[in-house]
Each structure stands twice: as C-alpha cells, then as structure tokens.
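I've put the structures underneath this note.
Both complexes below contain chain A, partnered by chain B and then by chain C.
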Partner chain A sequence: MRIFAFIHLLVSIPHGYSNYVETKAGQFFSSGHTNNWAVLVCTSRFWFNYRHVANTLSVYRSVKRLGIPDSHIVLMLADDMACNYRNPKPATVFSHKNMELNVYGDDVEVDYRGYEVTVENFLRVLTGRLPPSTPRSKRLLSDDRSNILIYLTGHGGNGFLKFQDSEEISNMELADAFEQMWQKRRYNELLFIIDTCQGASMYERFYSPNLMALASSQVGEDSLSHQPDLAIGVHLMDKYTFYLLEFLEEVHPASQANMNDLFKVCPQSQCVSTPGHRTDLFQRDPGSVLITDFFGSVRKVEITKDTINLTSPVDRKKYITGFLCCQTNL
Partner chain B sequence: MHFIRQVTTAHSSIITERSNVSSMIKQRCLLPLLSGRSGSCRLCETFTPAPAKDQFQEELVIRPLHSGDIYASFQFRTLWDTDFLQEGQKKVSHYRLFPKSLGQVLSKFSVQELHISFTQGFWRTMQWGQPFIPSPPGAELWVWFHHTVSDVDGNWKELTNVLSGIFCASLNFIDMTNTVQPSASFKPLGLGNATDHRFLRYATLPREIVCTENLTPWKKLLPCGSKAGLAVLMKSEKLFHSSFHSQAVHIRPICQDEQCTSKAWELRQTLNVVFDHYTSGQGKKEWSLFKMFSRTLTEACPLASSSKVYVDITDNPELSPATPLLSQAVVLGDRRTYSVYDLTRAETFGQLRSFNLLLRWKGDNMLRPLLHAERYVAGFGLQTGEIHTVIYNNHPYRAFPVLLMDSVPWYLQLYIHTLTVTSKSRDNKPSYIHYQPAKDRHRPHLLEMLIQLPPHSMTEVTVQFERALLKWTEYTPDPNHGFYVGSSVISALVPSMVAMSTNFTQDQPLFSSFVPVKEESSYFVRVYTEPLLVNLPTPDFSMPYNVICLTCTVVAVGYGSFYNLLTRTFQVDEPSPPLAKRLANFIRRIRGVPLLA
Partner chain C sequence: MGLFMQHLCEPDTLCHHFLMVCYLAAIVWFMGLAFEPFTLRTYMSENAMGSTMVEERFSSGERALSLAKEFDAHKRKAGGMPMEWLVKAMQARGLEVFTQSFSRKLPFPDENKERYMVRGTNVYGILRAPRAPRTEALVITAPCSPGNSNNQAVGLLLALAQYFRNQIFWAKDIIFLVNEHDLIGMQAWLEGYHHTNITGYSPLQGRAGSIQAALSLELSSDVITSLDLILEGLNGQLPNLDLANLFYAFCQKLGVLCTIQGKLQRNDWDTAEGYTHAAQTMMLMVLKQACGRSWGDHGLFLRYHIEAASIRGINGFRHYKMDVATIGRLLEGMVRKLNNLLERLHQSYFFYLLPSLSRFVSIGYYMPAFGLLAVILLLRALDLWVNLGAPALEAVDGVTEAEQPSGPGVLTVLTPVVISHLTGVALYLLPVHLQEMAVEHFPVSETEAVVLTAVAIYTAGLALPHNTQRLLSGEGTEQGWKVLKLTALLYLAVLLGCTALINFSLGFILAVTLVPITASMTPHMPKALSALAMVLLSPAFTILYCVFIYQELIEAPVSVSEGWMLFLSVISQGILDHALYGSLVYPLLALFIYPCWLMFWNILFWS
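And now, the complex of A and B:
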C-alpha cells in the first residue's frame, strides 16, 4: 500500500512539476512579446536645438540601461552636438545644468546621423523597405512578436513634424506607415511617444490596432524647454522629457511600474503644457502593461521538448546533456 | 660522437650551399640538430612548419612639440596568419585576434588593401612637424581590390555601406559623384600588383564628424577592447577635447619574413591626437599621462606579445619615471632617441601598480619640415573663383618631384585651360599630367600632376572655376553653410638628411615600420592640404511659400473685388418687424384686413 502511494507520488511529482513549468511559461508570455526594439529619432539640426538631441539621448540611455542592446536600437540624430565646435565640453551632452549626467556617455552607437535623418529614411526604417546593401545596424528587423518603442522629438505643429528644417512628415503619413507595419506583421505592440509642440495632433490619425501614444502637449499648446545653461549657452532639455527621464531613472528591469504611472508624468503644474495619451487602439488595459514591456528588454526563453538536430555529433552530445541539465534545474 | 659528427656534416653542407640555401632554412636545419632530433638536415624533410598563430602588438609614442602641445600616437597591430585570397583555400571561420567583422568584409569583397581614417581637425605641419600617419580632415577611404574582382564599382558601393554600419559613420554618402580612381598616387602599401589602377578606389567625405560613436566600434575591434592595455587611456572626453584627433584602420597583406615565404594580413589601428597647450595643458610645457588622458596605465594587454611606450627625448626633456631602455630610430628623415617603457614587465608599474609618465621641457628647436602645402579659394562673388594650391620645398639645395592629386566635385566646374604652375615666378611645366574631366552628377574632376619642386622655393598651382547652380532637391538642409571640397593629396619621396634603414626586421617599432622604406636616401611623405569651403549660389527656399501667399492675396483681393463689382446686385431688404407688429399682422391676415407697413 505504501509502495503504491510512493509510486503514485513519484508519478505525480513530474506531472505537478510540468504544470508548474506550464504556468511559469504562461506567465512569461502574458504580454505576448518576445523581443524589444526602439526607434529613437531627433529631427532637429543646428546648435540651438541641442535640447532635442539631449532628449533623444536620455531616452536612449534609459532604454539601454533597462536592457535593450544596441543591435535592437535604431538611433537617428540629425546633428552632432557632442563634438560640435560650439560645445565647450566636447564629447558630452548634458541633461541638466548641474552637469551630473552625461547622457551621451562612452558607449554610444548612432545609426543614422546628419543628413541621413530624412523623412524617407525614417519611413523606410519603419516599413522595412531599405536598399539591399543597408547594414544590419540600420535596419528595424522586428517581427510579429516585437514590442517597439518609437520616440520622436523636434519642432512640430498641428499635424506635422519638421525634419531638419527642410521637410515635414504629416500625421497621416505616420498613421499609414504604422498601418503598413501592422499589415506586414512588424510589431506586436507599439508605444509612440512624441515631444514637440502640439504633439497630440500627430497621434490623432492612427487607426491600426495595438498602438498606444503619448504626447507632451495638446493641439494648440507649445511644449516648453526646461532650463538654459549659461556656460553652454542653450537650453539643455525639454520639460516633458526631463521629467520622463527622472521617472525612468527610478525604473529598474524588475520594476512593476505600469503605463498609468507613465501617463501621470509631468502634469500641467510642472510641464505648463498638458500631456496627452491615447489608448483606445490598445487591446490590453494600460494598468496591466509594464513599463519594461517597452522600455526594457526581458529576455524570454522558450522551453521546448523536441530535440534539435545539429550537424556535428560532438556538439549534439554536449547540447543535449546541457539541455537536460537546464530543464531539471528550472 | 654521433652528435658531433652530425654537426660537422651540417656545417660543411652549409658552407658549400651558402649561396643557394636561404638563411631561414639554415636556421631551421640547425634547430632540430641542436635539440637532438634525428633526421637529415640537408633536405629538411622532417621539418614541420610552425602552427599558424596571430600576433598582437601595441605601442604608444609620445612626442613633445615645440609649441607646447603634445602629440600621442597609438598603434595596435594584429597579424593574422592566413592567406585566403589564394585559390583553393578553405573559407576562414576561426578568428582569434583579428576581428571577425573586418575579416568577413575582406573575404566577401575580395579586398587587397583597405585604409580608412576619421579625422577631426587639421594637422599643422609648420607647427607640429610631420605626423607618423597622415590623414585629411573628415573621412577618407581608399581600397585596392583583388585582381579577380569583376565588378569593382558594385563591390565598392556595398563595401562603403557595410563600413558605414561597422563604424557608425555616414559612409553611405560615398558614391560615384565623389569617388575617383587615381592613376599614380596611392600605390599599395603592402604586397600587391601596383600597375592596374582599375582596382583602386579613393573617396573622401570632408564634412564627416568624428565623435564617441565612431570611437566605440573602433575600440571594440581591438582584442582587449578598452579594458586592458593601452586602450584604457582612450576616454572620449579627453580625446575629443584636443586640437587634432584621428583614428584609422589600415589593412594590408605583408610578408612575414625577408624572403616572403609566408604572408599574413596586417591590421593596424592607429589613433593620433594632439593636445593643446592652452585648453588642456593650462599653458605649461608640462604633461603627464594623467593630464592628457585622465587615466594611468595599470597593465599591458594580456594578448599582446609586446606593449611599449616610447617617449621622444631627442630634445632632452625632463622625464620621470626614469628608464634605462633607450632606442634610436630614423623616422621621417630624422634620427630620434626614444625612452622605452616595456609594459609587459611588472617593474614598469612600480609599487603603486600604476604607470604615470611625467614630461617637462623647455626647448624651442624643431626640425623644419621639408615639404608642406596650403590651399585656398580666391576670388569674389558667387559665380567664379580660383583655387590656389601652394607647395613649399624647404630643402636648402635638393630639388625633388611631388605628385599632386586633386579631386574636385562636379559643381565646381574647373577651366583646365587656366591651369598654371609657377615656381619662383617662372612657369614650371609638370612632367606628367592626368586629367579626367567631371561629368555633371556622375563623377568629379580628377587632376594628377608630377611637379618638380626647385630647392628652397614656393610653387603655386592655380586653376579657375565656375560655380554651378544645383537643382532644388540637391541642396543640403543647411546650404548656407557651404559645400566642402576634399583635401589635395601631395605624395613625395623627400630626400632624407639621415640615411634610412631598409633592413626588414620584425622587431622594429611600429611607428617607423608603417611605410615600407625602399631606399636609404629618401623617405615617403604624404601631405594633405586644407579642405575648402565654397558657397554655391543658393536660392531662397522660402520663395515658393511667399509666392503662393502673395499670389493668392492678389487674386483674392484683385479678382474677387472686380468680380463682385460686376456681378453683385443690391436689393433693399426690409428689416424684420418687432414681435408686436408681427402678431398684429398675423391677426390682420386672419381677419383679411390689409397688413401694417
């Protein structure tokens, strides 16, 4: 009898164990994405637009800190501020006049710079229609399980965003580009943040599913810059992104902060303009969406019970023993 | 007994075959004998070649300049013992010290030689002397392709795109409108067929900025990265706060020994920086490693076979910590003495386990550079102009020829019939001219001339040009900044005051072995002039908007009022009566009585 119970226990332990594995796997895939991408664009040229580059670099810094690697970030900076001849501290871009945080850092990879930042290149990156000789670091190689963060900053108006003082992208073009991305299954969920004057007009025309958008100001309002630095001589950062950076500095890869906290960043008392957001196209409840779903990169591991056929017999043996060992150690 | 007999037979065989047998085989034959291995030495049948191994060397040269600035030159050299350009060679898939990204680029595009440099600032030859590795401002790329390549232009286009991804630079702007095929300059610096210039491509981007985003991937190509060895000193905040900063990658095939029995790929990564006396040096001729780089050295790269710091002490500066190691080298036509610090030895780092060099000097002497050049645009207005290139030969009694190469974009239309070359106010006819005219929107002008420079003279080359009007879409977003014209390149074999050494030794310091020395009496020098900034006639881009506003206003006001005048009729309209009157009229209508007014 006892032996029977013991055998029953032995049989149920692996069964209970596989249940545990499946619930863990279920938790892993609750958000539905397996990889993260970020497209960060600064569209302004000239030294007095230093703050737009600082905006983009601070989001780049946060996103890298929370885990997204350089190979999954497409960073577009329309002008060079760090090594600009007018910069009294070369190779640095500061976010605050106390000069504590150098958002440029020592390990930065800019994919599109200078004259390459154009409306055409931006739309080509989003839709994936790039010439065949484009290197990997300049492509957005997302799939239908990717969560993408898109951040735009620069000078904008009602329904358009200015690129490099010579061309514009309209909100309809952007909405169509996102629809192309949806039809080509290039994203799972997309978070769109824009920090320009009248930014809310840019997300008015979106019509594709699974899009969430945030803007720093409503239509008819201007987004203001934070504070100037008298040594460098220009405004260092915009108010909305400054408080966004402050918020993101508190976030760490295991943080449970969700989108509702992000919507509260920079209320009108701090920002003077009213930040807006749009969640009607998004399927999940914003309260259940973690910040790290878009800003971080949680590496998800897929557990498989099938054996994989490798070419070299020596490697195969090592892989299978390693595989079995890792399964039991779960 | 047996052993001694074998030695004497070997010795006699060496004497008889001295003229035929190479020294290398001699050495290899003696080795197995001395180690007691059996086997006949004369044929060396049982001799097995050493296994292929990579080698990495790093070196830093510090040269105090007479103006108070200090010049630091890093060189990292990786030797890759493989030769995949030969037929029947297996595709390489194992990389040890050589970076994989570059190795794949070399094999995919069949590159024989690749030289790419990114420079911020301009090298001031008159104040600083000649650099070890010259480079023009901006980005410069020149490549020799292997003679088996059928479509060189296609390979070039793809290569520039791939390199733009590797180095985070906008090298994809290199296309046929700024690429040239020099016919005489830029001969290969390694092994290679130097006659067919169809396989050479050269392009520069003078506008290209260099910043940390270019330094980061460059550092990642090093075997130790920026974690150990000399690369620890490379902090961007100090490196870019300098008068001159240049980082380059040079790849070429070289012989590993004097008889060229085995070849290897050599990758040299060089970084030249000149720190300014006033902005970084606080006005004192006193420098230390910590002052220059805000870091000190703590260890050599463990993968390096040699890791050395050379300090130029020819002008007797004060140097601490002292070192007994001295080395003399003839470089750039001058015999210089160097103090050598070997970082692979633990005693270099002292008790504090950190090596910080302190250098102080007072001297004002500098060897006057024998060749230097300037270039500027003369003229006024936005229609025509004149390019002047001035080349100075400061040698007191020797004349020597220089090869001048000019690559001018198509929108500066050169009038070659106005080309004049004058030395000492007399016409100086070049002995070789190669000119390829530009084709609008297809290729730039290429002008190459071999000019003999008389001793102690100034030679001026002038050519007039006309500025083209570009199409609206061809202007950059900031056209009022101007358009850049790349630097002229002047290559020459300058006669040397001191005999140069032509011996091939693997143990030469890297800075003196970059350019192969073919003869003792002269050394190779390449001088780059300034790039030019030229304003093209720029339209007013707000004009279409203004025209639309004005036209619409005129049409609305003028035509609109005219139309109204012709077609508008006036009708007298009764105002609507007050409520009481309306009520009264209503009652009257019911009664059938005439209405009120």
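And now, the complex of A and C:
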C-alpha cells in the first residue's frame, strides 16, 4: 500500500515540478512586458531654455544607465545647447551648478534634432505612421509587450505644450495618439512624465488603458527652475527633474523601488509646485510596479540546472512560444 | 436756436468754461505723471536677457588707467586723434583694426565747439566672435575729445577689448570704436557702415553684420561716485526701455550709484520734496527730448533701429568712490547679457518718460495730457464750423445781417496762408544763405549773422498783416476770418498731433503755449493786450522760457542777458543740428509752426 503511495508520489513529482516551472514562467511574464522603450522629448529651443535640454539629457542618462540601449531610445532635442555659441564650456551640458555633472557625455545619440522636433514628427513616432524611408533609429518599433517611458519637457500651459515657439500639442491630441497606440497594440504599459508649467492638464484627457502619468505641477501652478550657474549664465535644470535625477541616481538595475516612491519625489516643500500623478487607467497596483519596469531594461535571467521535459505537447508549445518571444525583441 | 448755435463758445458760456477746464486738466494730468503711485515700476521684458545672472570677472582696472595715461600722452603729441598708437594698441589685442577719415564743412562756424572745417579719423577694431557666423554685432564706443576728457573711457575700452578677446562665449562680433569730433565723427561712421549717403566720407572697409545694440562711454576721472545714463537721442527718439532696465539692474547688482538727468532717486514719494524731485527729473527729460538734439554720442544710432545709450561717469562730492574695474564689470555684465539676445530689443516700450530710473510712464498714460489739449482745438473748430453753417438760419429768424450769404473769396483766405508759409520758407533758407552779405554790411561774426537774421525775419513777420491787407483790394469779412481760423485750427491740430506722436515733449510744450492763444483769438478782442499775449506765447518765446526753465532745473540759473545769449546759441545749434545730422526741430518750427502762428496773427489784425 505504502509502495503504491510512494510510486504515485514519484510520478506526481515531475508533474508538480512542471507546474512549478509553469508558475515561475507565469511570474516571469507577470509584469507583462518583454522589452522597454523610451521617448524623451525636449520641445524648447534658444539659449535661455538650456534647462529643458538638461532635463531631457539627465533622464536619458538615467535610462541608459539602467539598461535601455540607444536603439530603444528615441531622443528628440529641439536645440543644441552643447555647441551653442554662448556656451562658455562647449560640448557640455551641466545639470548641477559648479559643473559637477555633465549629462552630455560623449555617447549621446540624438535621433530628432533642431527643427525636426515638431508636433507632427512626435505624433508620427508615437503612432508609427512614418514614411518607409525613415531609418530605424527614428522609429518607435514597439509591440504589444513593450513598456514605454515618455518624457516631455518645455513650456506649457493649461491643456497644451509648446513646440519650438511656433506650434502646440494639446492634451486631446496626445490622448488620441495614445489611443491609436493602444488599438494598434503598440504598448503594454506606458509611463508618461511631463515637466512643464501646469503639467497635470496634459494627462487629464487620457482614456486608454494601462497608462500611468506624472506631472511636475497642477493646473494653475508654474513649474520652477532650480539653480542658476553664474559662469554659464542660465538656469541649469528644472526643480522636478533635478530631484527626479537625484532619485534615479540611487536606483540600480536590481533595485526594488516602486512607483509609490516615484510619486513621492519632489514634494511641495522642495518643488514649490505640487507634483501630480494619475493611476486610474493602470491595471496593476502602483506599489507592485518597479521603477525598472519603465526606466530600465531588465531581463530576468534564471539559471536552471535541471532539464525540462518537452515531451508533453502542451508544455512544448508554451516554452517554444516563450523562447521565440524573447528572440524577436533583441 | 440759431442764435444759440451761433454763439456756442462765446466767453462766459458753458462751452468756454469746458475748454478752460480741459486745459487745466491737461496741465494737471501732465504734472501728475511724476507722482509715484501713478507710475509703474520698471522690469525686464526681454526673456532672452533674463536677470543679472552672470559672473563678472573683469579686474584690469589698473591696466585701463595706465592705457588712459598713454592715450593722453599720445593725444597731446599728435594734437588730435593718435591714430598710429591706437591702431597698434588694438591690433596688439587681437582685433581687426580699420580707420575711416572724414571731412565736413559746417554751414557756419560753431562757436560753442569752435569748429568750422572739420577733418578727422575714426578708429575701430572688430573682435570677431570665435565660433559664431558674422551676422550680428554690438558696438562699444568712447569719444576722442580734446584736452583731458574721456581718456579713461578709451583706456577702459582697450582693457575691455583685451579681456573680451580671451572669452569664447561671444555670439556676436563686438566693435570697439573711438570716434573723433563726437557727433560728426559718429555720423560719418554710421553713414559709412550703413552705406547711406557717403558723400564726403570714405566708405568703411571693415564690417561686422547688423548692429543689435550700442553703448557709449564717457569717463574722465580715475574714480567715480556715480554713473549717469543718457537716453535722449536725435529728434527726441529714445532707445528701448529694456536697455535702461538692464543698466539699472546691473547697477543694483554691483552696488553702483546710478542717476538719470544727473539726479539720484529718492524714496520719499509721499512728501512734497520727493514729488518735486521726480517732477524735476521728468521735466528735464521732457525739455531735453523736445530740443531734438542728441545728448550723447549714442543718439545717432537710434535712427538705424539700433538701441543705444550713453553712460557717463561722474566724480561728485560723495564719500563712497568706485574704481574703473567696477565700471568694467558693469559693462562686462551688460555686454554679456546683450550677447544673449536673439532679436533686437523690442519687448519693452519705445515711448516713455522716466521720473526716475526705477519708475516709468508709458505712452498710454501720458498721451491723454496732449489729447486734452488737442480736444480744445477740435471743439473750437467744430464750433466755428457750426457757426459758419448758421447764416441760413439767421435769415429765417429774421435777423438781418450786412454780410453776403455766400462764402468769402478764396483769395482772402488763401493769401494769408501763402504769405505766412513764404515767410516761413524765408526764415528757413535766408539766415544761412545771406550770412556773407550780412557779414559784409554789419560788424558781426558769421554765427551771429545767421542767428540775428533769423530773429530779424521772425520779427519782420509781425508787420505782415498791415502790409498784406494794404495790397489786397476789398476789406475782409466776418466770414473771412472765421474760415481762416477754422483752417488754421485744423492745421495746427494736425501739426501738433503729428509732432506729439513722434516727439511727445515737443508737441506738448508747443501745445501748452499755442493752444490757449489760438483757440481764443478773434479780431474783436482788445488789440494791444492780445498782441502782447500772442507775442509772449509765440514759438520763439517758448524757446526762451524753456532755456530759463532748463537752467533752473539743472541748478545753474542764469541772468536775463546770459539767458538771451544762451537762447541765441540754442538757435544756432538748432540750425547746425539740422544741417549736420538731420534734426527736424528747426525745419518744423520755421516751415510749419511759425507760419501757423502767423496765420493767427493775421486773424488778430483782421479788418
């Protein structure tokens, strides 16, 4: 009798083990994404808007440091501050005064530069409606398993963001663009961060699922700039992104910091404006969303020392599908 | 009804009182502009310039002073502009140096500056921006004056050039200009640079793109106690207020005392002394703007849409003195901020009055004062128009008149107009053209000849009405003078309006004296008294009063004879300014205002 029980146990262990691997495989895809993209946009030109370029470059720096490669980052800078004639330190863009941190570095890849940063190009990048001749570096080649980080900075107002002194994008256009992205299955989850005056007005109109949004100030408030550098003669960063950068410098690829920590960045005592966020369209609880889900490109690597039995046709399909998914997103 | 309409604005009626109230309201409004709660605080409008957020590191004050001494020595040796030394000094500092020689013959000798045939050289060096294309430029100038003046300005200019050459953040070329014979040299340089009228001037060889802003330095001592800002330019044109705001912001940052019209700002606006101080500052600006001459070397830039200001260092009797290095730092800060400009200064006001450096009155606030005066003329004209249309009603009412129902002959109205304008043309042309003849016949110098001829023609105009009416056949009618007065009132309103738009101060001062006499002038008033009033409020006497008031305001009051000599020199300066730089005050007064006044003089003696 006991032998039968023991044999039954022995037979059920591989089955139990395959269940265990299944659940682990399920957990591997629990966040739902397999690849990360970032679209970082600075919309202002002119020397006195140095801080917007520095904002964007500091987010670029963090995102690259945490693992997203240049091929998965679309960087749009409306003006070239590093090589501006008025820059007393050419080929640098500083984010901290006394020139502590040069966010320009020597491996910055700008995909859309100068006059190419327009509302039309931004929306085309988001929705994927680009002419066939557009090079890969200028495309957002995301799929339904991509987590996308979108960061916008510049001059804005109630319901609009100004692009380059000549045009604006409204919050309705942005919401519709995200809806197009959802319908074309171009993202899994999307984190939208905006650092402008009255930034919260830009995410008011979102209506697509799986969107989380952060803004540096509420409607009716101005986002303020942080520190001037007297040698360079301009403000170097905006307050919100400065504290965001300080927060991100503490994050490393294995960090377990989650979105609730991000919401706490730059309270009113430091920022003067009140940062806002919106999570009602997001399906997961923000406390379970890791920072690296959006800012990093973290591959979960599990070392298995056991062989996996692929004889069962159901198991084989599941593992081969998973294997193929990983391959296409390199 | 007809009678009521006919005598609408006779003395002691409601309309007449309304006009008097308008006039008083205009005066009170104007004086109230200096009251601090009615003014606005100045602020920087240009986003690109931002705040005074730069680090000034200029420290070569000693070098500037030693250069000043060298310049002085070479200036004495050369007896004028030390061209070779200056060229070598600028080249040693890495500038591209060019010279321009010019010559000019004045229409008659200038007794104030003792020159007649002027010959000189301008020397300028261009600091090319290290990385930028050569499309825009900034100009810093210092005059080369005879004697001990402005040596330190040139020394500071050279020291700044050397310091600027070591910086890499220039987005515009910087031109360092030393001009000889102040405004004449500056006029020559500007005409050569912009290729406008190059007769008599050799064209410029070196150019640097379109000039965005210019600063003129006047510094004559090693230490200073305050810096004075001079804004008034040719024809009363003013630079953009942002330039004054920039200067004031940097003065505050560096703790430098800054003044405007030589007067320091006071904090007690609610006391009588505080208000009079602000009112005096504003009146000085109004008088300086009205006379239409350029009060600093910067004044000629304004015509080319280049915002420019003059900064003069004053060594007064104060305890706290500043050295040349501080002025250098102030200029460094200002030029660095101007370097950040992307377009010409255009965000702030172009028409304003400054009761102090931190308070301003914009055109929207001061124009109603002039508007109230213009309303008086227009109401008078309307009254006359209604009156002229009323004769038909009189016949209906049964009141018989001896006048003809039809209008007066065109000749009776046209003649005074034509003759007045011919007198004006004579006043404009004859003084300069007849100076040789005058010098032959009278023991006077050319300048005196010109000025006295002008005064003589002006006085001769007073005798006109008697003479022209002897020539004309037939007598003037009641209708005649009314039509003439209507024409003259409208003409005066248009003239003063156009003048006030371009040069508010000139328009307002002329309106204040001309409007009361012209609006109320009729042939039926007591002749002797009204003639005296008209002469005492004529344009020439207005100039005389302004001279006396100006001398009072700058705390250097003059006696009657000195005032008269000053008045004569003002006339000669006016004619010279017109001939040399194109100032429009003398032609306006001679060709338009004086004939208009003569038409009213004609009306007074209408018979």
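By our rule, the second predicted complex is superposed on the first by the 275 of 330 C-alpha atoms of A that agree within 3 Å, B and C clash if a C-alpha of one lies under 4 Å from a C-alpha of the other, contacts with A are read in each partner's own complex, and residues count from 1 in each chain.
Throughout what follows, a contact is a pair of C-beta atoms (placed from the backbone, for glycine too) under 8 Å apart; a residue touches a chain by one contact, two chains touch by 3 or more.
These numbers come from a predicted model, not from an experiment.
> Going by the contact rule set out at the top, does A:Arg129 touch chain B (first), chain C (second), both, or neither?
Touch status of A:Arg129: no partner.
> Regarding the shared-chain residue A:Ala82, is it in contact with chain B (first), chain C (second), both, or neither?
A:Ala82 contacts chain B only, not chain C.
> Touch test for A:Arg185: chain B only (first), chain C only (second), both, or neither?
Touch partners of A:Arg185: none, neither chain B nor chain C.
> Thinking of the overlay built on chain A, is A:Leu230 touched by chain B (first), by chain C (second), by both, or by neither?
So A:Leu230 only meets chain C here.
> Per the contact definition in the header, classify A:Phe46: touching chain B only (first), chain C only (second), both, or neither.
So A:Phe46 meets both chain B and chain C here.
> Now for A:Pro90: first (chain B), second (chain C), both, or neither, which partner does it touch?
Both partners.
> Once the shared chain is lined up, is A:Tyr115 touching chain B (first), chain C (second), both, or neither of them?
first
> By the touch definition at the top of the document, which applies to A:Lys264: first (chain B), second (chain C), both, or neither?
So A:Lys264 meets neither chain B nor chain C here.
> Of the two partners chain B and chain C, indicate the one touching more residues belonging to chain A.
Of chain B and chain C, the partner in contact with more residues of chain A is B.
> Give me the intersection of chain A's contacts with chain B and its contacts with chain C, in residue numbers.
On chain A, the residues that contact chain B in one structure and chain C in the other are 46, 90.
> Using the touch definition up top, name the residues of chain B that touch chain A in the complex.
That would be residues 120, 157-158, 161-162, 164-166, 168-170, 172-173, 207, 209-213, 216-217, 235-237, 239-241, 476-478, 541 of chain B.
> Could you pull out which chain C residues touch chain A in their complex?
Where chain C meets chain A, its residues are 47-48, 50, 53-55, 129, 131-132, 167-171, 336, 339-340, 342.
> Show me the residue ranges of chain A that touch chain C in the complex, using the header's touch definition.
Its residues touching chain C are 46-48, 84-88, 90, 228, 230-231, 233-235.
> Tell me, which parts of chain A touch chain B in their complex?
45-46, 80, 82-83, 89-92, 102, 104-116, 133-138, 164-166
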